[in-house]
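I'd like to ask you about the structure that follows.
Going by the order they are written in, the chains are A, B, C and D; count residues from 1 in each one.
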Amino acid sequence: MTERGTNGMGNVSTTVLGADEIILNMGPQHPSTHGVLRVKLKLDGERVVGSECIIGYLHRGVEKIAEHRSYQQFAPYVDRMDYVAAVSNGLGYCEAVEKLLGTEAPPRARVVRTILTELQRIASHLLWLGTHALDIGALTPVFYCFREREEILKIFEKYCGARLTTHAFRIGGLQYETYDGFEQDVKRFCDDFSQKIDEYETLLTENRIWVGRTKGVGILSAEDAIAMGVTGPVLRASGVKWDLRKAQPYAAYDLYEFEIPTRSTGDTYDRYVVRMEEMRQSRRICLQAIENIPTGPIMARIGKVLKPPPGEVYHSIEAPKGELGYYIVSDGTTQPYRVRVRPPSFINLQAFDKMARGALIADVVAIIGTIDIVLGEVDR
Amino acid sequence: MYVLNSILFYFFSALAIASAILMVTRRNIVHAAVFLITTLLATAGIFLQLQAEFLFIVQVILYVGGIMVLFVFVIMLVNLDVSMRLVQFNRQWFVAGALALVLGAQVLFALWAGHTSLRLPAMQVDISPKNTEAVADALFSKYMLPFEIASILLLVAMIGAVVMAKRRV
Amino acid sequence: MGHLIPQAILPYVLPVVYAVVIVMVLPLLAGYIVLMERKVMADMQARLGPMRVGPHGLLQPIADAVKLLLKEDIIPENADRLMFWLAPLVSVTMALLAYSALPIGPEFQIADLNIGLLFILAISSLGIYGIVLGGWASNSHYSLLGALRSAAQLVSYETAAGLGLVSVLLLAGSLSMKDIVQAQLDQGVWFIFSVPFGFFIYLVGSIAETNRAPFDLPEAESELVAGYMTEYSGFRWSLYFLAEYANMVIVAGIATTVFLGGWLRPLASFHEHFPGTSIEWPDAFPSLLTLGVAFYCLSLAPKQPVKIQKIVMLAVAILCFILSGALLGALFAPTGVMQGIHGAFWFMAKVFAYLYAFLWFRFTFPRYRFDQLMRLGWRFLIPLALVNVIGVGVAIVLRQQLGWGPVASLIPTTLATLGVAIWLAKDDAPAATVQTADGE
Amino acid sequence: MVKDPSDKDPAAKPPESTAESAAIPAKPATPTPPSQPVTATPPAATTLPAAVKPPAPAAAAPPKAPAAPPPPKEAPPKPAPLDNELVQRLKAKFGDAIREATLDRKQAIVLIAAEQLREISRHCRDQEKFDMLVDLTAVDWPKREKRFDIVLNLYSFANNERLRLKAHSGENEPVPSVYDVWPAANWLERECYDMFGIVFEGHPDLKRILMPDEWQGYPLRKDYDILKQDTDWVRENLGIESGQ
């Protein structure tokens, strides 16, 4: 049963059906598709023979809006794309525009930005862990993860007034000075977080059923990952030791010591281990960073009205889901001519078909969870 | 005591006969299966009344809990609307009619002669309460050989089924 | 009082009374088990659980029951009406019927059949019909798939649970529940200690049999929405719900009777008395416990935010006082009454302990995939159960022929079974991947 | 290949130092004279084995000495022509298909002929080791006669550097698909088709990905007004009479 010329990467053609194959529709309203994702699965019994992801239900045309807003006005829109990791979206966009302007945030701003982005990475991974475990049937981790995530959201709220879509950064630096007690809050969170992470590990890592449900499920080899442009923890779990924070450091990442966790087989279990380890590394970065936050201005000397000279720039950062890139073309006016966002979830989701082949229905749920997609970013 | 006993007996036998008739006449096969189950349960009730508890339990576990589950499984897995559309025929009604007559004659003869020659032994007040042990002793002492043969036969049947199913999986 | 009732139906009166009591108490019990489940789940997940309806959510089950009664009762459009109506009835009647042989106290038993255990197993195996017919009747693809899955799961785990019990019957020597408990009293040890593997197998088998915890495939929310219960709503759905919780209590009851010594007091053979009185030390424990609970409720009463909750909490405290008074009074009553009341207390305590283990598993383990579940059942549990039965058989032969002590004969066989278990678990770890080579 | 100097090289990290008012200590911004000849050797010996890299024109972000007059915003250099190893090799191989190579904000951009897109991409992936297609998108310049810019962002794991290929294509001019070179292009090209209407030849299943399948019009084109909607699709499917 060959699909129309799709040489393996293609979609499920609903017309060509084998003898006893059925099309099962999962979503867009399905408890475990992390948002409005619709997956058309072609099943032979319980085994997935082909799959096609139908997206676009949450498409809000962010890139079109960007062309009708000034650079500063567009910044809050950026938080609404990957609403689970709003701070890193903001960092990516602000640094891209700063590069377009040719300026750079002052050292104090860069260090504070690094701390907040790493806290956001932990929060995003915690939400991923909770919902992923819930899909596979473990009811308890989700509450523990949300309890920790609450602490981080409190720090964001104290700093910039918002918990989820924070709009914490401005082009050129920071809007708000850190509130006094910022370092103590981050320190307190980091200190008791390491003990909490071990608690999750005992609950899941050696749990025979968890291992049984995740080991060998949704395997993605390193070559396939690179060929499909997959980035982030999914790529590192397939064995490619690559992290933008080390390869092309931005903000203040080059000041701190941290490792990049990688695994080799690239299955759901490896991605779980990689993300857990990443949380620990982020904690390390935060601890090193709050040691000496440099004093000095928090805003670069750029005027109120930003008119970057014509030209274009591509700047990308290591968001929790993968490489989040901004390609901005400016025509010299105060409004960007074109803003293109490189969404890690959108491109990682492309690898779903290759991972889901040969899996069972119960695995499909685990695979969607392990790619860690947020539909706001997939559909933009 | 005796009055209640007979009431129960008539209730169970009426239930058995009624559901047997219903079973045969149903068009919907799932309803037929359910009525077959009620017949088997009614006969199990009668065993219980005769205080043959072991037989009651074997009837319930074996027939209703085992074989009938298989029946219902097969009914569910085979999609019925295909078989419904096959043309139903009953060309063998002649053979069936003859057999029915023969059976009817035998029953009538038994009834007629019943109150004289075929008298059943008077119902003992209480069969030894420990009939489970009695059945067990008989089974494993006097009838050891047939018991073994029967179990080997079942084993062969099971292995055969597995081998046949293996190829298709 | 005997002469009032006509002679013919006298032997039937007491069982009917017990039956009525059980059928009335059961929905209430099922409701409070649900509350217990939600409270324990909340406690394990660092939160509070239902607190709004009544003090600490104590009236939540009543609210649930009323809600379910008022909910609209939808029948899918071209569902098979007769089956749709019959299926939940079948599963509830089978669940209630199985209570008849369960000995709550020495006398408190509806019918002491000499095939008691076998009867309960047979009746609870009929529960499959309720599920399968329900799945078939609601005429939707999802519920049929869920029904077939749960039927397959029930069938395969019943054999394992049955074999787990068989190994204990070898020691008990009789099928009647009362005799099993008596055997445990005579041998002075609960069967959980003499046949630990039997208990383990039965525990796993019973969890799978009631579709709970790591084996709750049929209602795996993330895949098949709600399995065979998808199309049911309102009262019909609550019948299924009641059947599930009744099954849980039956399974817990069987385990208590067979493995944990039914209504026997934990230190059954420990007979030191209070100085000067005939009360034994452990007997005082139940009344002290209920007294403690009463004082705790009393201390909570003033702290309740709403006035009505204060009243209800006071009522609960008074109820506990009466209970502890009854337990204390029973000590001085004739032995028949004392054994009845205390026996019931210990039986219920053990049942709730067993249920707590159910809930505990549910909130710690993720869910098995269907093929792993089947592999665990057929390739690990049933062979282990067979080996266990043979082991206990060998132990009995050792004890009778060679005269070894009960303990000496059981230890080697249990260790042998342990060895087999490890060997079995090693080679078919559930991680064996199903992932075949890439599709292309 | 242009190594983006504003990205700090991990190897060349000067020792930790406490707060320094001017610039973050790690930045190797040595104040060299701005008019650096383009092809000078790189100031810092980077560990990467790549070929000779153009200098880091540090003039781009002079340390903001407080003494500088208020808004001393130093505009980034105009896009300067770029002529380094990679560009020479490409020119040698593809001749005039390589239209022009520029350096804008320290990032290498190579403008190529649309017809040769697939061959050049294959060359970049195999010879130049740009093994990951980071992003594929388009920009609409309605005033130009070849209105669309197809922009491919490539990344090389081996040399840890980026390259941007640009190609011009007209209104209904199909562009060769790079799906065979990098499978990542599947959904990216579908999105370009969905948003701009650019047809990619050789794409396995070119249909809309974000917008509904029957939607008329290509939203991200400049002439597609932000308030404009496919009113009949909306009336048909959503039953809303007016557009808004």
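Here is the rule we go by: a residue touches a chain if its C-beta (ideal position, glycine included) is under 8 Å from a C-beta of that chain, and two chains touch if they have at least 3 such contacts.
Given the structure is predicted, the values throughout are model-derived calculations rather than measurements.
Undergrad: To get from chain A to chain B along touching chains, fewest steps?
TA: Minimum step count, chain A to chain B: 2.
Undergrad: If you tally contacting C-beta pairs, which pair wins, B-C or A-C?
TA: A-C
Undergrad: If you average the Cα atoms of each chain, whose average lands nearest the overall Cα average?
TA: A
Undergrad: Once you find the CA centre of chain B and the CA centre of chain C, what distance in Å lies between them?
TA: 32
Undergrad: Calculate how many whole Å lie between the centre of chain C and the centre of chain D, each centre taken as the average of the chain's C-alpha atoms.
TA: Taking the average C-alpha coordinate of chain C and of chain D, the gap between them is 66 Å.
Undergrad: Approximately how many whole Å separate the CA-defined centres of chain A and chain C?
TA: Taking the mean C-alpha position of each chain, the two centres sit 45 Å apart.
Undergrad: With chain centres defined as C-alpha means, what is the inter-centre distance between chain B and chain D in Å?
TA: A distance of 80 Å separates the two centres.
Undergrad: Is the chain-to-chain touch network here best called a line, a ring, a star, complete, or other?
TA: Line.
Undergrad: For each chain, which other chains does it touch, given as pairs?
TA: Pairs of chains that touch one another: A-C, A-D, B-C.
Undergrad: Please name which positions on chain A make contact with chain D in the complex.
TA: 4-7, 9-11, 55-56, 59, 61, 63-65, 67-68, 99-104, 107, 110, 226-230, 240, 242, 246-250, 252, 254-255, 292, 294-296, 300-303, 309, 311-314, 316, 323, 325, 327, 329, 337-338, 340, 342, 346-347, 350, 379-380
Undergrad: Inside the complex, what are the residues of chain C that reach chain A?
TA: Answer in residue numbers: 41, 44-47, 214, 216, 220-223, 225, 362-372, 429-431, 433-440.
Undergrad: Which bits of chain C are touching chain B when the two form their complex?
TA: Checking each residue of chain C against chain B gives 7-9, 11-12, 80, 82-83, 86, 113-115, 118-119, 121-123, 125-126, 128-129, 132-133, 135-136, 144, 147-148, 151, 155, 175.
Undergrad: Provide the residue numbers of chain A that touch chain C in the complex, in ascending order.
TA: Residues 8, 31-32, 46, 49-50, 133-140, 143-144, 147, 203-204, 207-213, 215-217, 219, 354, 357-363, 365.
Undergrad: Could you list, by residue number, the parts of chain D that touch chain A in their complex?
TA: On the chain D side, the touching residues are 4, 6-8, 10, 13, 16, 18-21, 23-24, 26, 60-61, 64, 68, 70-76, 78-79, 104-105, 107, 109, 131-135, 137, 139-140, 151, 153, 157, 160, 162, 164, 179, 182-184, 186-188, 195, 204-205, 208-212, 219-220, 222, 226.
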